[in-house]
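A short worksheet on the structure shown next.
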Amino acid sequence: MLQSDQVAWRGQFTGAVVAETPEAARYAAGLVRFRYEQRPPDVALREDRDDLYKPLDAAQFGQGGGELQDGSPADSVLGDAGPALAAAHTVLDATYTTPMYHNNPMEPHTAVVTWTDGELLVYCSTQGATMSRDLIAATLGLPPGRVRVVSPHVGGGFGSKVYPHAYAVLAAMASRTVRRPVKFTLTRQQMFALVGFRPASIQRIRLGADAEGRLTAVTHDVVEQTARAKGYADQTAVCTRLMYAAPHRRTTHRLAPLDIPVPTIMRAPGEAQGMFALESAMDEMAIACGMDPVEFRIRNEPDVHPESGLPFSSRHLVACLREGARRAGWERRDPTPRARRMGRWLIGTGVAASTYPSPRLPGNAATVRVAPDGHCTVLIAAADLGTGTWTALTQIAADALGVPVERVELRIGDTTLPNASPAGFSSGINSWGSSIAEAARQLRTLLETEHGDVVPPDGLEVTADMPANTDAERYAMHSFGAQFAEVRVDADTGEIRVPRLLGMFDVGRVINPRTARSQLLGGMTQGMSMALYEHSVLDQRFGHVVNQDFAQYHIAANADVHAVEAHWLDETDPHTNVMGAKGLGEVCIVGTAAAIANAVHHATGVRVRDLPVTLDKLLSEP
Amino acid sequence: MKPFRYEHADTVAAAVTALAEEPEAAYLAGGTNLVDLMRLDVATPEVLIDVRRLTSDRIEELPDGSLRIGAAVPNSDLAADRRIRRRYPVLSQAVLSGASGQLRNLATTGGNLLQRTRCAYFQNVTTPCNKREPGSGCSALEGYQRDMAILGASPSCVATHPSDMAVALAALDATVCVQGAEGGQGPDGELRIPLTELHRLPGDSPERDTVLRRGELITAVELPPPDFTATSRYRKVRDRASYAFALVSVAAALDVADGGTVRDVRIALGGVAHKPWRAWKAEESLRGAPATWDSFRDAAAAELAQAEPLPGNAFKMALARNTVVATLLDLMEAAR
Amino acid sequence: MDVEITLRVDGTDHRLTVDTRTTLLDALRERLGNTSPKKGCDHGQCGACTILLDDRRALGCLALAVAHQGADIVTAAGLVNGGGGEGDGLHPLQRSFIAHDAFQCGYCTPGQICSAVGMLREAAAGWPSAVAKDPNAADVVLDDEEIAERMSGNLCRCAAYANIVPAIADVAHRDEVAAHRDEGARR
């Protein structure tokens, strides 16, 4: 932060102006002129660049190291895909691309900071108060105990508020300089340069199958953007390691170092773009094999994790496909492309599978207190960004304590509370909920064994670390789903509408059906937005995102959304945690784009392999 | 945003005089575009002269059946007016297809005509733009071209005009009434400009969007007495279903004789040029022709023969052609 | 350049000094401490700052405060108790948004609710929309498509749209319709 005279990307912070009103500050900042020695930016993502590299130590979110963002290795090989592809009865070799996407929560990133006696208080919008505190403290050279981060409510994040980003540190530096509290809110335009994005990808997929439609070989080779300033690698092909059975397999990730801002987590980072490619390829391959796309997936369902050989803690993808197909009316589908028309509209339907891991993250503890009047207080530095954390954790605590929810008061979003991992990786319920359930269990035991079930006059309090889950080593833990899309395409203009989206999910036990449903609907709708509208355009000469506002970077508006249905199987996972829950906040955005692109192919006969699917790609010269 | 003085004027004449005396002054009406441009430092007036209450906010019927729309009529009121909806449905539809309910409540008729391009480079002061800073170059010419013009552009500017309303007004032969220091041919020295001549093509001076001279203020827009315009329609094609600018839009009115030949037709295109594009050549090709898919297609082709698309917006050729044809077919259907 | 103005906000008159550059949104949030309208984009492209300005829904971020001297402003906060609410004081739309779980993070919600209030008045007054099946119809039938189109100026990145439309439809189709119609007729 302001430590170098080099500018790593267009839009990077080069200074700050502090004023007493926002009007004065913005005007003044606009008057500052810098003189640079200019060099042309290098922002072109191509698979034939000679500086592509295999990611190393890109994992930041997890604490176990690893090469990709989620801690996975960059490459995986099983068998020998080359000869298997050469010998296959049916082969598909296709390249898919996904653009740069920006998270764009409605609430811009904001920090209000103040220093008192060398201690820093930061009010900011973050998905992880504990991690923000640690990273801000480390950047400023402070012990973590001298920084407090407060963030009880978050106006959406979708990954962009997991890491604290430079703006909060800049505000802290400004405040230390002027010795006054400082408030700093990013403009919407700045959010396209300073708080991360989903990196663009080029993905080549090759599939080989035998005469019965059984996959013999699967390869998924990814080239994706990263910043020259700092490496970041989405786990784009990791989904391909677990989705379908095949004896011969290979996945690779390579990074193109560019003069662009540092990418970050965006809802289902890697899986969202990887499953667009894999599930589009599965649709193409089903057609090539002359099979129904639902049946083709079922035929290639693995018994165990195809690469690690571990059993799944629970995997009900086939049930999702079958039940989703039933609800979507799939059996009536004529597979012929461009065969259904209503007036000016070409109609099509498509399917894709969804998956997302269900991990437990380290670094959690919870305190549970009970007062003599029975009032219970639960403390953990968790975050609620609209996901329902406030409600679900209160329910989990009430359940574990055996009291009605009205008696439980939950406090989150403050580093004076016990540490918590960030809201990300669909790990919240699993990590925070397990910690709370453990603290509650210990409290009840203590109450029973030491106090004869009578709360002492001063109350009783227990703080427990998140319990280890030994099953995590023995099982592969993932959520699954199947998404069905119906699309209409205007035969004259190529305009695309999505009259129906239906998702059937396997997410273990659902703690709160209301907030769960809302998450699933929102994720699917974001998946639709990813499929059809969103696309950050990098200017190759200037290196900035050209369409850096909501009028040009389109996210789905109300009129774009029609029937969206989210359902789940009534299943409990026996291994993930005591609640039997799996993650659900991200699996729902995975696969939607492929389901829609597959439906567009069914409607029009045009296969779009480059997201977003826009009308210009469907207009043909008759 | 640069600091500025805010002033009222009591009359149109006083506003015109006040503006003439201030080198860096601008009129403020609804503000939905100007305030935005000021925040982006694209517009940097030192004085704002509020004209929102100076011009009429009513739609009046004139003795000959024309409608005179005061410049201060909010877009919402214009679209909701029952006379407009019945006699000139294309206009109501065009206004309703633009922006959002909240914006249409603030935005005025005069302001809508004078809104500036949403070209991303124009709106970003860190990139070259001849319209914003003459002589600095056109970033869009070799940049992001999806929203750019295919008709009437020049090497110095390929921006498009963003208004939907203006496209409908172009098809309706509307007249823009203007007050300025120099006076015009109308009563009270009113200057009258055909809407199709209000906006300019960029040529080598893209900084000028319109033919208005400094200080001239739009006071009203007049619609000629209705003829076959009751059979008219606005079709807007965009990526998102709502709250987005047009990739291509078509305003059209069609009059088909009993024998099935086109008696008269009006076509204007949006999203394709630096101005609302009246498709004179298409109209000419259609008059007297049979009202068929083939004629419609030939007419669109006749208009687009003069187009010069860029690689990044070449799809607008097929899109504009198909949308013209589809809109005319829809009008045939509606008239039946 | 500072100017003194008066604004009526949620039923209370305020006299305040603002920079000519100050928008209604910033006047409300930064000067009057009413953080109900939100700043999602500051460019008229998201609707989070929607307020009722002299009875019509409008965007606070594009309206200069000096140009709205004496304006009557209602924010989502001001709809509480003033909007014909029942025991909890919430406006029927606020209650319906809760009942239908029509939000996740809640950041766009105050703007959604003000927009919905204004939208119902517009529909009651017979204003058509871009998806009107009969543009000349005297009465507006607020089906889901109409509501979605009319609410498209309010973006929701959490994408609670599938719940927002039923939340509004519920109110639109209840007794409130009559009240709005009377109100619309007076306008």
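Just so it is clear, A, B and C label the chains in written order, and each chain counts residues from 1 on its own.
The definition used in the following text is that a residue touches a chain if its C-beta (ideal position, glycine included) is under 8 Å from a C-beta of that chain, and two chains touch if they have at least 3 such contacts.
For reference, the UniProt names are B = Oxidoreductase, molybdopterin-binding subunit; C = Putative xanthine dehydrogenase YagT iron-sulfur-binding subunit.
Keep in mind the model is a prediction, meaning the values are calculated, not measured.
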Inset, instruction - Look at the interfaces A-B and B-C and say which one is made up of more C-beta pairs in contact. - result: B-C
Legend entry - Taking each chain's C-alpha mean as its centre, the one farthest from chain A: B
Legend entry - Centroid distance [mean C-alpha coordinates] between chain C and chain A, Å: 32
Inset, instruction - List the centre-to-centre spacing of chain A and chain B in whole Å, with centres computed as mean CA coordinates. - result: 42
Inset, instruction - Could you tell me the distance, in whole angstrom, between the mean C-alpha positions of chain B and chain C? - result: 28
Legend entry - Shared interface positions of chain A, touching two or more other chains: 23, 27, 549, 551, 556-559
Legend entry - Residues of chain C engaged with two or more neighbouring chains: 19, 21, 42-43, 148-149, 152, 154-155
Inset, instruction - Please list all residues of chain B that touch 2 or more other chains. - result: 1, 3, 39, 241-243
Legend entry - Touching residues on chain B, where the partner in the complex is chain A: 1-3, 39, 41, 118, 120-121, 123-124, 126-127, 139, 142-144, 146-147, 237, 239-245, 247, 315, 318-319, 322-323, 325-326
Inset, instruction - Spell out the part of chain B that touches chain C in their complex, as residue ranges. - result: 1, 3-6, 28, 31-32, 35-36, 38-39, 48, 50, 52, 76, 79-80, 82, 85-86, 89, 92-93, 96-97, 99-103, 105-106, 241-243
Inset, instruction - Quick one: which bits of chain C touch chain A in the complex? Just the residue numbers, please. - result: 19, 21-22, 26, 30, 38-43, 45-46, 48, 101, 103-108, 131, 145, 147-149, 151-152, 154-165
Legend entry - In the complex with chain B, residue positions of chain C that touch it: 1, 3, 19-21, 23, 42-44, 47, 50, 53, 56-59, 62-64, 66-67, 115, 118-119, 122, 125-130, 132, 135-136, 148-150, 152-155
Legend entry - Contacting residues of chain A [partner chain C, same complex]: 21-24, 27, 104-108, 153-156, 158, 185, 187-188, 385-388, 514-515, 517-519, 521-523, 525-526, 529, 549-551, 555-559, 561, 563-564
